[in-house]
Each structure stands twice: as structure tokens, then as C-alpha cells.
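Each of the next two complexes has chain A plus one other chain: chain B in the first, chain C in the second.
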Partner chain A sequence: MTPELAARLIDAIGAFLLFTMIHILAASQLYRAIYVVAAQSVFIALAGAVLGAATDNLDLWIIAIVTLLVKAILLPWLLFGVVRRIRIHREIVSVIPITVTLAIAGVIVVVAFHLSSSLGSVTQAITGNALPVGISLTLMGVLVMMSRRTALVQMIGLFASENGIFFTAMAVSQGMPLIIEIGVILDVILGALVMGVLVLRVRSSIDSDIADLDRLRG
Partner chain B sequence: MPETTPWALALGQMALLVALGPLVTGLIQKLKARLQCRSGAGLLQPYSDLAKLFRKGSVRADTATSLFGAVPVLVLAATLSAAALVPVVYVAPQGSDGAVVPLGDAILLLGWLALGRFLTAAGALDAGGAFGGMGASREMTVATLVEPVLIVVAFSVAVAAGTTDLAGIVAHHTQGRHIFGAPDLLALFAMLVLLLAETGRIPVDNPDTHLELTMLHEGMLLEHSGPGLGCLVLAHHTKQIVVIALVQALFLPPMASSLSPRALAVAFLGFAGLTVVLALFLALIEASYAKLRFFRLPQFLGIGFVSAFLAAALRLL
Partner chain C sequence: MSSLLWILPLVPTSFGLLMLGVRDRRWLNALDLASNALVATLVVALAQHVMSAGPLRAAGVFAADAVTILFLALVAFLGLTTAIYTVGWMRHKVAAGEIPERRLPVYFALIQIFIATMLVTVVADNLGVLWIAMEGTTITSALLVGFARDRDGLEAAWKYIIVTTIGISFGLFGTVLIYAAAAHAQGGVPEGAMNFTTIVAIAPTLDPGIVRIGFIFALIGYGTKAGLAPVHMWLPDAHSQAPTPVSALLSGALIKCALFGIIRFHTIARGACGPAFAGDLLLLFGLVSVVVATPFILTQQDVKRLLGYHSVEHVGIVAFGLGIGGPLGTYAALLHVLNHGVTKALVFFVAGDAIGRCGSRDMRRIRGLLRVAPFAGTFLMLGAFSLAGTPPFSIFISELLVIQAGLAGGHTLAVALFLAMVVVIFAGLIHHAGKMAFGAPEPSVHAGEEPRSGLLAMSLLAAVMLALGLTVPVPLHDVLVRAAEVTLGM
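Here is the complex of A and B:
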């Protein structure tokens, strides 16, 4: 695969990533958000595979496969399990209206482009829009974490944000070393497990979600 | 090329769109019916409906002014003007002598569609029915969400082609100077969201219902009858295929740049194929989703807005 074709494919995958991210931001049902974040992880794995094919780097192939298995299959499965266990209503409750979140997403995109152009001479492995797309994916993931009330959706935001960081890393340095990437993925799994246990425990002991835990009582 | 040819071509393509409009509606309804395990009405049902409407007499509310009678004709005229601006199967190679359709560009096309929408709403308000007023108010709310996004989508493509002229955009595509990249994909996604709103389909509007408070477009047509209603229905069919043709012209034009019968036939087959694909998309969405609550619409159309905004940002920044 020529580097030129790879750059175009990564560019197109970036568009799909952004579109899935907008869907996560606009989703008002938990199930849909989980499906969409799984789809996003599939695209991330695709991007890894494309880059792996372009650079003949075996590590990237391994990362792509691990990403596919863990982030597109295992984590959504875990999330669905938690959703079923706590039988929460499926509506996503947000701190600010979802339309406002979408408007903020527009601002984030502009900020991301400004940031990446002011970074100046960062050596990009992939020319084009991959760096600003990666930055805006990361920031939009953070936006999801900030603007949603329930721990589960914040977890989805975390995964999406992690996808964005992965994409940024690929844009700047053709992916991180295998050992770091494996460590990050393990961290994400661990985070998901801890968050899952936390959600279940909080629900079983005080019958509410973490957004209600905002006051200290002495 | 003789002097009269561009006009003949523009009118020919317009006639093609008007003639095929009801067929596309019939196709979408048929596909939707099959997806829901019904046999559904025939493909040509919309034509029969139109013929029936044009044979009937019409009645008019006592409160309606003379504007009410003129509205269907004006709406149809605005929509036909829009149809004349979209290249369908043929576009002159750029540089020969400009556009084949020397009538107007993408902005004028969107303007015609907006005018048609405004006139429909004005007619509904003029009749004074409660349903009409509701429908008009809702339709205008949707319009404020849809039209800016349409403009942004058109601009994001126009920036790459260097012209807002649709023929110029198509020529830019067909001559292989256009690299289909991330901005185009995002603009296409935005356009697919808008397609649902512009054609008045689920999840924005439910085209099958006549007697619910949820209806948008049908609500505005309630007071019309006979040939007037026929004009409005035909205008709606035409608008639908115009938007479908616009999607193709902006993103995937399979158009001929010569007038040989073979090239035209290939271009027409391409147009028909893509139209069937888009019709299938509309039918799939319509069969598998419920209509959104009205106040959820900004959220849904927001997906289109942010996508279009991103497309423009990727192109410009």
C-alpha cells in the first residue's frame, strides 16, 4: 500500500470517526451510545491496520487486532452487562441540553484546528487533517464526560476520548510502541471494570448515580 | 453547439425530474412496505393519485383569500424552477462556454426550495385551519434548522470546486480534479441527515399520516383539495427528487459530458442506480425508526449541523 493511499484512507476514516463522535454527543439513549462507541473503535482498529499495512509495522497490526477485540467487543459487552444489571432507564441525562453540547462541539473543532496550526512544525506521520481531527476527537470525548450525569455515559466518553488520543498518536508518530499501547488498553479495561463495580455498588447501597454524590457530609 | 441547445437540455432534464418524481415516491413506499412485510401499493400508485386529484373539483374555506387559490400553482412553479437548476444526466465540459444551464447556481436552487416552503406555509395559514397553522409553524421551525445547514454543505463543496454553480461543481468532479476526502464524506453525512428532513420523512415527519398532531407537511395540505392539492403533491414529489439529484450532483455525479446517446444512457443508468440506493436508504430509515418527538428534532438535525460545520472547517481551516 502506498503512503499516499494510506493517507487518504486515514483521512476518510477520520471523517467516520468524527461522525460517530457527533452521534455519541447527540445520542439520547444508552444503548445507541454504546453501539456507536463500538463502531468508532472498529474504525480506530481499521486506521491502525491501514497504517500497519502502509509502514510494514507488525506492532501496528497487533495493536489493531487487540483494539478490535478489546474496545469493539469486550468493553461494549461489559457496558451492556452493567446496563442490564442495574436496570437503569435508558435515557441519557445531561447537565446541559444536548443541542448546546453539539454547539460546543462546533467550537471545539475550531479550537482544535487553531491548536494544531499553532503547533507549527510538528512532524506529522500522516499529512492532512489527521492531527486536528485527533485533537477534536479527544476534546469531544472529554466534553461527553463533562456534560453527562451518569457514570456509564462518562465511561463511554472516556473510551471515545481514548480513541481520539490513539488517533492523534498515529497522526504524529505512526502509533506508540506496542508495550505502551498494550498498557493503555489494559488501563482502559481496568478503568471499565472499576467503574462498573463502582456503578453497581453505588446503586445497590444508595440507589442513585454518582451525579448525586456532590456534597460532603460530616 | 446551437444557441437553443442549453435551454432544451435544461428543460429536458427538468421534465425528466418531474416525470420521475412520483415514481421515486412510489418506489420508496413500495420498498418500505416490503421491509415491513406488506405487499404495498404498486410503483405507479402516486401517478394514479395525481390523476385522480386533477380530475376532481375543489372546495375552499370561506375564510380563505385569493392567495389561497394561487398558492399551489406558485409552489409548483417554484419547485419546477428549482428542478431546472439541477444537472441530472448531462453537464457541458467546463471551459466550453460556461454552464449548460445558464439559469442559476446552488444558492438560487436552495432559494427556490425555501420559497416553495414559505408559500406552502403561507397558504396553510391563509386558510385559517388549526391543523394548517400547526403544520406551518412546525415546518418553519424545521426550516430554520435545515436551510443554514444546506447552505453550509453547498459551500463546503463549492469551495473545493471554486464555484457555486452546480454545473461547475459537477464538471469539477467528472474531470477527475476532485479528490474525494474527509470533508466530502462529512458533508455527505450531513446531507443524508438533511435528506430525511427535506423529503419530509421519518424521523422528522411522517408522510403516511393525515390526522395526527405530529404531521408537518400533510398538515399544511389539509385545506387544499382537487387540482390544487394535486399541484402541491406533485411539487412535493418533485422536491424530493430534486434533493436526491442535488445529493448526487454535489457528491457522486455520474454525468455525461458529451451528448452521444451511449454516454447519456450510461449517465442515466448511474442516476437511476444512485436514486434507487438513496430511496432504499430513506425506506430503511423509515421502516426501522420511530418518528422523533418534535422537540427532539434540533438534537437530530444538530448531527447534520455539526457534520456540515466540520466539513466546512476541514475544507477551510
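Here is the complex of A and C:
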């Protein structure tokens, strides 16, 4: 695969990633948000495969497979498991009106692209538009977390945010060293498990959403 | 000698795994003490080697220079004193039925793994390893924060893990950007482009634009974990709800490990974009932290939350000192890391003791500690005076040096604002502490004997706190001077 083709494919995947992110931001149902973040992770794995083919780097292929297994299958399965255990199917309530959230998301994308186009030759080290797309995804993930007070949606925002980092990290020259990437994914899994345990514990002891607790202040 | 860097984190890890199979509380305490004593011994050996034979590197994963030694010493010392304090504290908790005996192995194992992740954080040379270990500290300590499984503890644990995980993911993005810059500067060769020592060596050739963005991301990321305002909201919750020995480790050691991350990126940014950019940001965030913490310190009623806000203030002071920069400002900031860690562990121990006696964390109900527990009451006053920056205690020295460096660097306005806040905080803290130490204790207060282990831990901390206030010993002075040079990229 030529570098030009890889860059074009990465740009296309980047567009899909932004599209899925908008969906997560606007999602009004928990199930749908989980499916979309899983789909987003499939695109990340795809990006890993494209970059692996373009750079002839076996490590990137391994990272692509691990991403697919962990972020597209294991973590969504974990989220569904928690949803089933706490038996909530309620709609996601937004703290910020959805139109405002989407407007902020638009601003984030514009600023991210403007920021990376202001950089010099160093952007050659990163394939295609992976840098601005990665920055946008990361910031929009934070936006998801801030605009909802539902524990599971906050976790989805976190995973989406991390997807942005993975996307940029893969596109840097030969990708991050494999061992680091594996360590990061291990942290993501362990963190998700601990969060899941905390959510279930609060649900079973005081029957409330952990993200809704607000007795500690001042 | 470099194999020591691998052995160091393995010690608490293996002790932690071993503890999972131990049921008896006394054995668990003994193993806890043994593990921390062993780590402390290794750190001393490592310090002697690094100071006489220069920095160590291990396979591009771990490294030890003077900055590492300073933070290792803090983590090891606080680990050991916390293990000593835990002996009496845990006996009381188990006797009172607050912690069921069957959950003890998990508690002790988590503490050991938590210490191991902190050790990896500060010996990491690879910035990716630094990040992985930092996130590891969050995962282990979140379980410890919510260990009591009560409503407030779980709320604090959730806020802690969700805010610091998303925060620290910015740190990973910063790491990726610096990695991209370093790989580009090496002509597309990624080998070593994630290692701090390699990056610092080529720092002047890095693209300043991308390093600037990378530093901002890293500062937000590690700053969240360190508790710098305005991303400190989780800190008073987590540090106040955690079990007392965990609070001491979180406030004394962990947030310092996050500062270690900031220091590493600061050094890189200085090399690539000159001293002004990173320094000004740190100065600003440091000052904002001190200012933001002040009103909360004055109006606080919960003693452990009060100490949490003090951590925001003191992390701010460290960032302020780093921001002022120069050999003196950096020296002062690094000394402050040590001074605040030691003092904060001491006051958390005293607070834990007072809460146990008065059955409340509300400072309006903690009265007459000097009468019911003369030693703890004395340590409370000593710790409060030190925390407030009074001579002859250690924090006074480092704050004075920060101010001196600030004035010499021409930051008159910032120093004036800083001084005003410190004076107000002094008044507020002495007011709070005085009421807790003096006055008439409520009749319900539990007088009782003071556990010897707790007193030993407090005496060790207070001795160091006082000694560092009187003089900085020559070996420590050498470490600090070297560490300041490393931080400044000299």
C-alpha cells in the first residue's frame, strides 16, 4: 500500500470516526450509545490494519486485533452486562441541551483542524488527518462525560475519548511501541472493571446512579 | 546496579501477592512493614549509587537520576511510616468492627500494589511506562478510596476514578505528541523516541509548535492527577473519604508522583521551546491553585476535607516554584515536594486519630485533643504550624525560598498575591487547629491510650519535619541541587 493511499484511507476512517462521535453525543438511548462506541472501535482497528499494511509493521496488526477484541467486543459486552444487572433502560438525560452540545462539538472540530494546520513540517510524522481527528475525538469524549450525569454514558465518553488517542498514536510514524500500547490497553480494561464494580455496588446498596450522587461538596 | 530498578517495584508486588494468602492481621502488618523497610533500604542503596556514580539506565524502560531519587525517597519514607501507623490504626478499626477481618488481605495487597505503581511512575524513563504506571495508581487507589463501601466513599471513588482517568488520558495524548515530535526529529526513527533521556538530549531540535500542544495536554493530564486548580474538584472528596493511611499516601506521595510527570514534561518543553512558555503556565496554574484553595480552607468544617484543600494549595506552591524557575526556584519547589509530603502525612495521621476519638470529622466537634491525647494534640499543633509555614518548620524554608526566587526573578505582583493568600491561610489554619487542640473535650470523647505504633510514625515524620526546618543536610542538599539541574535540563 502506498503512503498516499494509506493517508486517504486514514482520512476516510477519520471522517467515520467523527460521524460516530456525533452519534454518541446525540444518543438518547444507552443501548444505541454502546453500539456506536463499539462501531467506533471497529474503525480504530481498521485504521490499525491500514497503517500496518502501509508501514509493513506487524506490531500495528497486533494492536489492531487487540483493539478489536478489547474495545469493540470486550468493553461493550461489559457495559451491556452492567446495564442488564442494574436493569435500567431509561433515556439518557442531558445536563446541557443537545443543540448546545453539538454546537460545541462543531467548534472543537474547527479549532482542532485549525490548530494542526498551524504546525510545521512535524505533521508529516503523523499520517493524514489523524492529529486533528484524534484531538477532536478526545475533547468530544470529555464533552460527552460533562453533559451527562449517567455513569455508563460517562464511561462511554471515556472510551470514545481514548479511541481518539489510539487513533493518533497509531498514525505516528511506526505507531507506539507494542509493549506500551498493550500496557495502555491493560489499564483501560482494569479501569473499566473497577468502574463497573463501583457502579454495581452503588446500585445494589443505595439504588442510585453513582454519577448522580452529590453529597460531597464545599 | 541497574537491575535494582527492576527489583524495586517487584518487592511490593510480590509481597502484595503473598499477602492475599495470609489471614492473620499481625502477619499482614509484619509483611507490610517488611516490604516497606526493604524498599526503603533499596532506595538508600540506589541513592548512594546515583549520587556517587551518576544516573542509571535500565533497558530504556527505567532510569534513575537525582529527581527520581528525591521522589523515591519520599515514597519509600511515607510508605514505611504509613505501614508503622497502620499497625495501631488497623487494630482499632478491626476491634471497632469497622473493617471486617476477612477483607484485610485485600486491603494490604492493594496498598502494596499501589506503592509498586508509584515506584514505577518515578523510576520510569519511558514516558509511556510513566503513563501506564500513573493510571495504575488511579485504579488501585480508587479501590482503596471506596474501601469502606459507604455512600460517600463510593461517590468519592467514582469522582476520583472518572475525573483522573479522563484527565490523565490527556497526559497520554501529550505523550503521543512529544513522541511524534521526537520520532520526526530523529528522521522518522521511532527507537528511543519515547524515552525521557533520549528526548531531553535532542530537545532543542524538536518542533516547538507540537511540543507546546503536547506540554499543554500533559500539564492538563498530570495536573488533574496532581490536584492543580481548576481540575482539583475530585481531590478533597477522595482524600477525605479514603481510610486515613490511604489519605496520607494519596496526599503525601501520590500527588507528588503526578508532579514528577509534570517535571519531566517541563524539562522537555524547556529544552524545545525555551524556559518562558512552560514556566509561565506552571506559574499561572500554581498561583490559581493557591488562590482557589484559600476560601475553601477558611470555611471548611470537615477536618479531612480541610487537609485535602491544603494539598491543592501546596501542589500550587510547588508548581509556582517550578514556574518561577531558575536554580533557586526549582530547588525550592523540589524541597517543598519533600516538606509537604512529610508534613501532610503527619497531619493526616493526627486527624485520623482525632476522628477516631471524637467519632466525627466535623471540626466543631473535635475539641481538647491536647487533654485527651496529649501526644497527638502536640503533633497536631506542630503539624499545623508547619503546614501554615511558620519557622522553625520545614515548609517555612521552602516557601521562603520560593518567595526569594520569585522576587529575584521579578515576579513581584505574583509573589505579593501569593504572600497575601499564605497569610490568610495561616490565620485560618491556626484558628482551626487551635480549637481542635485546646478547649474542653465533649463528654462522649474517647480518652484511652494512644497506640505506640501511631506515635512512632508521627514522631518520625515530626522529626524530619523539624530537622529540615533547621537545616538541609548536605547529602539532601546535593540531591536537590542535582535534581534542580536535571529539571532545568542542565
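A few remarks follow.
We take it that the second predicted complex is superposed on the first by the 200 of 218 C-alpha atoms of A that agree within 3 Å, B and C clash if a C-alpha of one lies under 4 Å from a C-alpha of the other, contacts with A are read in each partner's own complex, and residues count from 1 in each chain.
Just so it is clear, a residue touches a chain if its C-beta (ideal position, glycine included) is under 8 Å from a C-beta of that chain, and two chains touch if they have at least 3 such contacts.
Only a predicted model underlies this, so the values are computations on that prediction, with no experimental measurement involved.
In the superposition on chain A, A:28 makes contact with chain B only, not with chain C.
In the superposition on chain A, A:176 makes contact with chain C only, while chain B stays out of contact range. Shared-chain residue A:200: touches no atom of chain B or chain C. Of the two partner chains placed around the shared chain by superposition, chain B is the only one that A:102 touches, whereas chain C remains out of contact. Legend: residue contacts after superposition of the two complexes on their common chain; A:216 is shown touching chain C, with no touch to chain B. If you count the residues of chain A touched by chain B and by chain C, you find the higher number for C. In the superposition on chain A, A:113 makes contact with chain B only, while chain C stays out of contact range. Of the two partner chains placed around the shared chain by superposition, chain B is the only one that A:133 touches, whereas chain C remains out of contact.
Under the contact criterion defined above, no residue of chain A touches both chain B in one complex and chain C in the other. Those residues of chain A whose C-beta lies close enough to touch chain C in the complex are 115, 118-126, 131, 134-135, 138, 141-142, 145, 151, 154-155, 157-158, 161-162, 164-165, 168-169, 172-174, 176-177, 180, 183-184, 186-187, 190-191, 194-195, 198-199, 201-202, 205-206, 210-211, 213-216, 218. Note for the complex: chain C touches chain A at residues 126, 128-129, 131-132, 135-136, 138-139, 142-143, 146, 149, 151-152, 154-159, 161-162, 165-166, 169-170, 172-173, 176-177, 179-181, 183-184, 188, 190, 193-194, 207, 209-210, 213, 236-237, 240-241, 296, 299-300, 305. By the touch criterion stated above, chain A contacts chain B in their complex at residues 8, 11-12, 14-16, 18-19, 22-23, 25-26, 28, 98-99, 102-103, 105-106, 109-110, 113-114, 117, 128-129, 132-133. Those residues of chain B whose C-beta lies close enough to touch chain A in the complex are 179, 181-183, 185-186, 189, 296, 298-300, 302-303, 305-307, 309-310, 313-314, 317.
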